[in-house]
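Two complexes follow with chain A in common, the first pairing it with chain B and the second with chain C.
Showing the complex of A and B:
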């Protein structure tokens, strides 16, 4: 799906692409790269923080991801929906470690006003928070700059079986369809005079639950229609045609891996392996190497 | 007594094949898997964003979708049960992909236990008798959520996102936050939508058809 504009000569030219989390200009530098390269970048940024305990590096990954979003011309205002999650995760993590710090006698107590916190679990939580943020921003980057079609192309290029790639692609498209159905139901209620703002929280929850009944009914009807349509077009579980030959994959003919794609994929895979070896082989990213940790321990006189 | 006999007969017929009936997995099951995953993505994402309290939501009705999907569509629903949180957690930002992948066994359990229980006890998904209600609430909502909460908290501890000292608090928060909406939402959907599903071709009396 794309937003179009009137081009010279009266033709309609696409200007924006609708990604899974918003719109990105069609001339975004991300689209110079093959969907497989973008998927590998996602795996790298989204998974590599597992190997990294040092909060400085994970914070740098978050900054890198934001810079990539800016470079890719993604609308950063869309990230506002994540603000409550980013804040509440921090509150949750630090509240839990404050209320249940554990009873290790080697922990160093630190008094802040009337409260006592313990340095080791609090710093561990601080580091874990930035690891989580780095992984989350990697995920946000991917879903902000890729469409369901890009995901499908990447999975098919990686030789995922037809049925699996079909289910993943169609699931994401189905989510979009149900969002539209959901909006239709809500608009129909508003047209009949429902004022949601006047409802109590309990009634709003009840209303939310009741939305699912028509949504499920629509899903059942749609499953029938789509399965008949697929049957009529000769689709089956295997993705092969009647004589047993492989079905030609039209969508893959529209994308080719360039030398730049291969270079990025190779570089990212090597960097991923290097990070894993550095951590599990040599402990290179452990908390003891964190400059912030070293400074704080010196300030608190922890040996 | 006569009415009880009628009810018992009708509940057992939900899962039993008619004489000569042959059921095979078809393209409709793949389609319903994808559509149901789509519903799960929407419900899971909204639930996570609605009342977020860290990695868990105070109102995550996604577990109800996991259980009822597996009750209605057997193995297809079970696949959907672990597939949709991978995407909904990413979209809502409640858990990154590696954590969501580690959640898979817990999510599978959250779906499949209800499916096993309804088939083993011949309970009717339309919740017609008190036995159906007991099976649904105990084995469709409470037990799966208890297992899911324990597994999920174990994953958070393993990833270093929660300290082991905070595990019990997290399990309790997770369990309550998932169980209450599961019971409310799941009961309504099972009660009102099951009669439609039971008549559809997508309904699975067995595990795959």
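Showing the complex of A and C:
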């Protein structure tokens, strides 16, 4: 399925292509780069925040990711589906730290109206939240600009055994099909007059439990079908092939690592290593270096 | 021409069932011929082809008696890979056989399993794509194409592997009339090439009969009749009673015969063109006797 848009001449041109996990643009500057380069970019943006405590840098990574989404022609409107997650994470994290800040005498109390909060755990939570957001946006960027095939090509190019990349592919496929089956079952219920909004919360919970029965039976049937399909196509999990010693990988021949790819991969790997060394060797990204933290501490008179 | 498939006294009972799904099946399919299998649901058609392509007993549990031989070798003694290079199976539900993320990957998957080199893979891929006319779908996800396209893709996957025996289980059951026509066009091309043994399970006898060298009727887990299409409908009530719906032209000619407007020795037609001749013969016969045709 493709999302279409009215072109100036009146013709309808497809802009987005549906994948099992979302939508990707049909044309994107990202596609000039090898899937390995895109995977390395994902690892960089998605994993580097682990080394970085400073919220400013993680916030900058979020902004960078949004710019990359724009550049990559991803549909930013679809980011709305992540809003509930972004808000819910914030609510849970800050609620926990407001209600149960811990019991450390070095914490600095701050009065906000009738409530007392403690500066250190709140700021740490603030920093952790932006770290999570940077990782989340990195993931969104990857899945908004890479098809399932690109992911598998990247993994196989990195010499992941075929069977392992195949299992990854199946998992992605299973997730997409599970959601499709779930939506089919819900539509079937609605078609037979079920009004979920009229149900009590307890009944809604029961309803979700009831979904598991058809979903599991469908999943088992599909597993059976796939197993038969693999048999019929001569696949065996030993990786043994009919002729010759090595399994040919036709799809990999469609992609070539260019000089630009190598340059980006090298740059990103070096930046990744530099970030790890800067944090674990010199503590370069710790909270004590955060300008916001420094300003707030000065404002609150914390030494 | 030798036998591509020889089935001797085959019996099969699925695990946890009380009755045998196949009972005393004996069959010989000549190399490079087209066999159409017809019959009502639950009569053993799919079970029979699963036995030929080795899914039974390799992937199912149950009681297996007798033998199925592919080019003289028992299926029981062949590995899955070995069978796949000899027998290609197109499932009734094309989605059931998808294992990859794009149509192109799906097509080359079997070729990679058989160990072809990249040049050969490209050559086989191009040929299968050309025969099934799916060149514009290669980059798409197998889930984002129409039912007819899915079925053509499923056929292309099997064709690409170039097995000498191709089996299709109700290949048109889930698609629209135009899609069905596409599938029968492909079957016609394969039949005309004459270099493959083709077995098709199909309810649409109207389109199957003109392609088939032999038609086989399954009933109650047994082969109830095997005959060339020209003789298959000799005992039409029996065929209809077994749940196989004959071509309209055959029913019409049978009605003419029953009402005495067509000589009894006339063979029931199964092609539209032959039906026209039969109608003309009946009309001429009526003119001679001045009997009005209602």
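We adopt the following convention: the second predicted complex is superposed on the first by the 281 of 303 C-alpha atoms of A that agree within 3 Å, B and C clash if a C-alpha of one lies under 4 Å from a C-alpha of the other, contacts with A are read in each partner's own complex, and residues count from 1 in each chain.
Here is the rule we use: contacts are C-beta pairs under 8 Å (C-beta built on N, C-alpha and C of every residue); 3 or more make two chains touch, one makes a residue touch a chain.
Only a predicted model underlies this, so the values are computations on that prediction, with no experimental measurement involved.
J.: Once the shared chain is lined up, is A:161 touching chain B (first), chain C (second), both, or neither of them?
T.: Neither chain B nor chain C is touched by A:161.
J.: For A:174, select first, second, both or neither according to whether it touches chain B, chain C, the two together, or no partner.
T.: Only chain B; A:174 stays clear of chain C.
J.: Which holds for A:241: it touches chain B only (first), chain C only (second), both, or neither?
T.: After superposition on chain A, A:241 lies in contact with chain C alone.
J.: Going by the contact rule stated at the top, is it chain B or chain C that touches a larger number of residues on chain A?
T.: Between chain B and chain C, the winner on chain A residue contacts is B.
J.: Based on the superposed arrangement, let me know which partner A:109 touches: chain B (first), chain C (second), both, or neither?
T.: neither
J.: In the superposed arrangement, which partner chain does A:231 touch: chain B (first), chain C (second), both, or neither?
T.: In the superposed model, A:231 contacts both chain B and chain C.
J.: Please work out whether A:132 is in contact with chain B alone, chain C alone, both, or neither, and reply first, second, both or neither.
T.: Touch partner of A:132: chain B, not chain C.
J.: Applying the document's definition of touch, where does A:253 land relative to chain B and chain C: first, second, both, or neither?
T.: The second partner, chain C, only.
J.: Given the touch rule stated above, what does A:93 touch, chain B (first), chain C (second), both, or neither?
T.: A:93: touches chain B, not chain C.
J.: Per the contact definition in the header, classify A:291: touching chain B only (first), chain C only (second), both, or neither.
T.: It touches nothing on chain B or chain C.
J.: From the superposed pair, tell me which chain A residues show up as contacts to chain B and also as contacts to chain C.
T.: Overlap of chain B and chain C footprints on chain A: residues 20, 170, 172-173, 176, 222, 226-227, 230-231, 235-236.
J.: Chain A touches which residues of chain B in the complex?
T.: Its residues touching chain A are 25-28, 30-39, 41-43, 45-46, 48-50, 52-55, 59, 61, 83-84, 87, 90-94, 96-99, 159-166, 168-170, 181, 184-185, 188-189, 192-193, 196-197, 200-202.
J.: Please give the residue numbers of chain C that touch chain A in the complex, ascending.
T.: 53-55, 58-59, 79-85, 88-89, 91, 93, 96-102, 104-105, 108-118, 121-122, 125, 141, 143-144, 157, 161
J.: Within the complex, which stretch of chain A touches chain B?
T.: Listed in rising order, the residues are 20-21, 42, 46-47, 49-50, 53, 81-82, 84-86, 88-89, 91-93, 96-97, 99-103, 121, 124-125, 127-128, 131-132, 135-136, 138-140, 142-143, 163, 166-168, 170-179, 182, 205, 208-210, 212-213, 215-217, 219-220, 222-224, 226-227, 230-231, 235-237.
J.: So in the complex, the part of chain A that touches chain C is made up of which residues?
T.: These residues of chain A touch chain C: 1-2, 17-20, 147-149, 152, 169-170, 172-173, 176, 222, 225-236, 240-244, 247-251, 253.
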